[in-house]
Amino acid sequence: MVAGVEVTGEGLSCRRGDRLLFTDLSLNARPGTLTAIVGPNGSGKTSLLRMIAGLLKPEAGTLTLSTGGVADEEPATLLCYLGHHDALKAQMTARENLEFAARWQGAVRDPDEALARLGMTRQADLPVGYFSAGQRRRTAFARCWMVGRPVWLLDEPTSALDSAGRAAVIDLIGAHVADGGTVIAATHETLIAGAAELRVA
Amino acid sequence: MLRFANPKKFLDLSGALLPWLWLGAIGLMGWGLYAALFATPADYQQGDSVRIMYIHVPSAWMASFIYGFMFIASVVGLVWKHPLADTAAKEAAPIGACFTAACLITGSLWGKPTWGTYWIWDARLTSVLVLFFLYLGYMGVWAAIEDRAKAARAAAILCVVGVINIPIIRFSVEWWDTLHQGPSVVRFENGKLAPSIDPSMLWPLLAVAVGCTLLFFALLFVRMRTDIARRRIRTLMTMKAAA
Amino acid sequence: MSAFLALVRRDLLLSFRIGGGPFLGLAFFLTVTAMLPLGVGAKLNLLGEAAAGFLWVAAALASLLSLDRLFQADAEDGSLDQLALGALPLEFAVLAKAIAHWLTTGLPLTLAAPVLALMLNMPEAGYATLTLSLLIGSPVFSLAGAIGAALTAGLRRGGLLLSLLVLPLFVPVVVFGAGAVSAAINGFEPGAAFLFLGAVSLFSLVLGPVAGAAALRIHLS
Amino acid sequence: MSAFLALVRRDLLLSFRIGGGPFLGLAFFLTVTAMLPLGVGAKLNLLGEAAAGFLWVAAALASLLSLDRLFQADAEDGSLDQLALGALPLEFAVLAKAIAHWLTTGLPLTLAAPVLALMLNMPEAGYATLTLSLLIGSPVFSLAGAIGAALTAGLRRGGLLLSLLVLPLFVPVVVFGAGAVSAAINGFEPGAAFLFLGAVSLFSLVLGPVAGAAALRIHLS
Amino acid sequence: MVAGVEVTGEGLSCRRGDRLLFTDLSLNARPGTLTAIVGPNGSGKTSLLRMIAGLLKPEAGTLTLSTGGVADEEPATLLCYLGHHDALKAQMTARENLEFAARWQGAVRDPDEALARLGMTRQADLPVGYFSAGQRRRTAFARCWMVGRPVWLLDEPTSALDSAGRAAVIDLIGAHVADGGTVIAATHETLIAGAAELRVA
């Protein structure tokens, strides 16, 4: 059981350049739920996720991560973020990439187990530069699972994945949610039936 | 040339030649060095340090010669896609690097008594150093690319491009005024090649030089045979793993 | 601490695998020392007097020209986001990356300095001072340089801005560093110059990470 | 032709937007010339004699240190594939990229050379020769350098290899270039050196694109 | 009507590192058809596409592009390739990117029209670096359509796209096929019902 963290946003608005992507957006993601951010291309899904991760300042509004009703001081250490970019170093092997992440962000699970869960055992010692698009994505998701923080922010987690990879990812998301985790995912497809939908535009 | 294309023929031929190569190399170098160290007179200016010449000059010649050999092998490899040529160029490089290093080391050891310094940034010295780098770079390309065919092509391109350094080494003494000796073993005189050092020094020098050449081919053949064997083992292992 | 060292290690590993790590730095300095006398003409005594200056300028240049990639690769592939979400504050990430940068540019030069000085025919009295001054002073190039690199990561005109920003920080270090060596060669005490270099180095040890992290945060959002 | 020019233009545009284009090159050379006298200690006459050598070495280094990105950015973002599928053979792509590289490194130096020479106190007799020799010789750094850049694009230890590979090609140019200027200063005719530089330049104009494209094709597959 | 180009491969095999990805693969894509390359992650779909594009040498086998039964001399100018990477320059605007492609590869259509077809008119003058993942993908596909060569090699053309973008892409693929073009696409989803399937592993 992971610590239940609730993500609350109120009156959020986001500006990129001179354009307001969205205004007065509210969100509430409780522990044990999956929230899907939906909207057309360029509507601000990625921007919203980055905002929650603390990587982008909201133009207006407030964002809090709270455990048991108490707002957290260091939100950055409560969450993991899987962006469009896989954030893997092409010159390092999959295992080396994960081992570094385990050191830098801390980890609750073993890198090898994480890779195995996504069917990447055979490629663990290959430099990521040789990977196919799907293998890369699997490795990036494996990192997220390995780090195992309560809040997962996922930007199109299943892109480039084949059906087996997609099933594995959806499985692990489901398990995390069942375990009391909070998952917020931006996606163009249905990940888990019954996910709450948050429309950005 | 193409008759020796398949490794089988090469293995047979090189196997038959190797004992003779070793014999010739050891014999010529043995006699040459003996004559150089004990039988020839010391130089009236340089004293005994002149004896370094019998190593220095042949290794300087070999450094360029082996590069030229690699150049030809690379061209053959590029144009006719001949795997044996790639192997030859690849295996020649470390030998060439060793001769270049020997030239640099003996040269700077010789420099201390004659010029009063181990190293100066003179054009010939620098261009030999650069040749040494070129060997290292060539070996580096082979080491950096895992796929053998790709590595062979990349290294061959490098070798072909780098060949311009050879005339630069040869003529650097004439183009730039430097401390280093001009060509003094053989010179063109009245339109003819004429030796300009005493025969008692010339013969041992030539013997060591020819001996070094034979030594090079002996080492090269051994290295190539090892490489071919190593690749065979690899193929067998992958076949076994696949089965 | 283990997180910090892990990042230093990662950057070193990457620099090894991409460029050959400290050996690239060495090759660069060897190139400089090989080309200089040829270009200048082997007027040995002339070279020797100026050797310390050359080496210091070369160190500054090598840092300057490799700094622009310090954060850029991480910014492009999304790693910067992950660095910002680590267990340590971003300041430590900047410090770790600057240290790794120094280990592959400043340190190899420092260690090779006596050999390079020999090759450039520098008077022997200056060897120790040259090495020591590089050891104390060259971290500034990586630490203060990190501020510029962070400011310009991903910005348009990054490279140009970078040179303009870090140059004023580099020049005094070069002047005092080379000054210390020529003082030692001429038989003076280089003490004051060392004090200055040490002070600048310590100052940039604090300022670099703090200002660098602040600059990166702007860029992230 | 229009395709060729389009690629030159694109690379220039990118270099402008990323690094300030030729101005980055200029800033670099100004930095060097500003730092050198400070580092060497203002022994002006000593500087003046060696000025041509410094400028040539600086040109070689500036090219060397920017060459490793010549094809790498394109290889990483997939643009290299598109370049290979153009209407022109890959040779022209290499040539166009080398030209753009020269326009942002070699050319600004050539144009600024008289000013930099003045700053370094070079005897006036050498100005014209310096500029002309740079104009003729500096394209080699971009053209021959492109071979090294193509050979090492995407390789492990690429950076280190690159320096090893291009150094042998650069050294003779530096020597002859600096030699021409010092000949002119001492009242000799630099004609032979010009011939050599011109020959090498023409040679690398052909060899660079051909060998560079062959090397790129290896990496593509 | 575009010139009908037929793509034929026989006995193809592909090696990456010391692994054989596939062996003895045959393919035949006739003008006016869409061929979908399917297979799990890392099975060699991308590699096959690159092989057809001439960017990767087959380990064994032959590949020909032929027009009206005659093999072509310069296959590179007959095809366009949309890879996993968008091959867009972040510092240039979408229009500048397309204009360059039009010059370098030649084009049969107008850059602005191409951008308009993919709903990118409003972003045409924004640097691509600011684009969302879907906007980038749209721009890359727009380039392919603008260049308008007979053979399209598409690697997951719809990844990161919203439903409108996907519809636009499928539409344009359909139109190209109807027009006598040859489309070969690697994908994890059904692009057009009735596409021939080529399985790589």
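Per-chain residue numbering starts at 1, and chain names A, B, C, D and E are given in the order in which the chains are listed.
Convention: contacts are C-beta pairs under 8 Å (C-beta built on N, C-alpha and C of every residue); 3 or more make two chains touch, one makes a residue touch a chain.
A quick note: this is a predicted structure, and the numbers were derived from the prediction, not measured.
Using the mean of the Cα atoms as each chain's centre, the chain most removed from chain E is B.
With centres defined by CA atoms alone, the chain at the far end from chain D is A.
When C-beta pairs in contact are tallied for every pair of chains, the largest tally goes to C-D.
Once the centre of each chain is set as its mean CA position, chain C and chain D turn out to be 23 Å apart. Put simply, the C-alpha centre of chain A and that of chain C have 37 angstrom between them. Distance between chain B and chain C, defined via averaged C-alpha coordinates, is recorded as 39 Å.
Chain geometry summary: the mean Cα position of chain C and that of chain E are 45 Å apart. Shared contact sites, meaning residues of chain C that touch two or more other chains, fall at 17-18, 34, 36, 38, 156. The residues of chain B that reach two or more other chains are 123, 126, 130, listed in rising order.
Chain contacts: chain E has residues 17, 84, 91 touching two or more partner chains.
Interface residues of chain C facing chain D in the complex, by the touch rule stated above, are 16-20, 23-24, 27-28, 31-32, 34-36, 38-41, 43, 46, 49-50, 52-54, 56-57, 60-62, 64-66, 68, 156-161, 163-164, 167, 170-171, 174-175, 177-179, 182.
Of all the residues in chain E, the ones that touch chain D in their complex are 50, 53-57, 76-77, 79-81, 83-89, 91-92, 96, 100-101, 103-106.
Across the complex, chain D meets chain E through its residues 2-3, 5-7, 9-10, 13-14, 17-18, 76-79, 81-88, 220-221. Across the complex, chain B is touched by residues 34, 36-38, 42, 44, 119 of chain C.
Across the interface of their complex, chain D is touched by residues 123, 126-127, 130-131, 133-134, 136-137, 140-141, 144-145, 150, 153-154, 157-158, 160-162, 164-165, 168, 176 of chain B.
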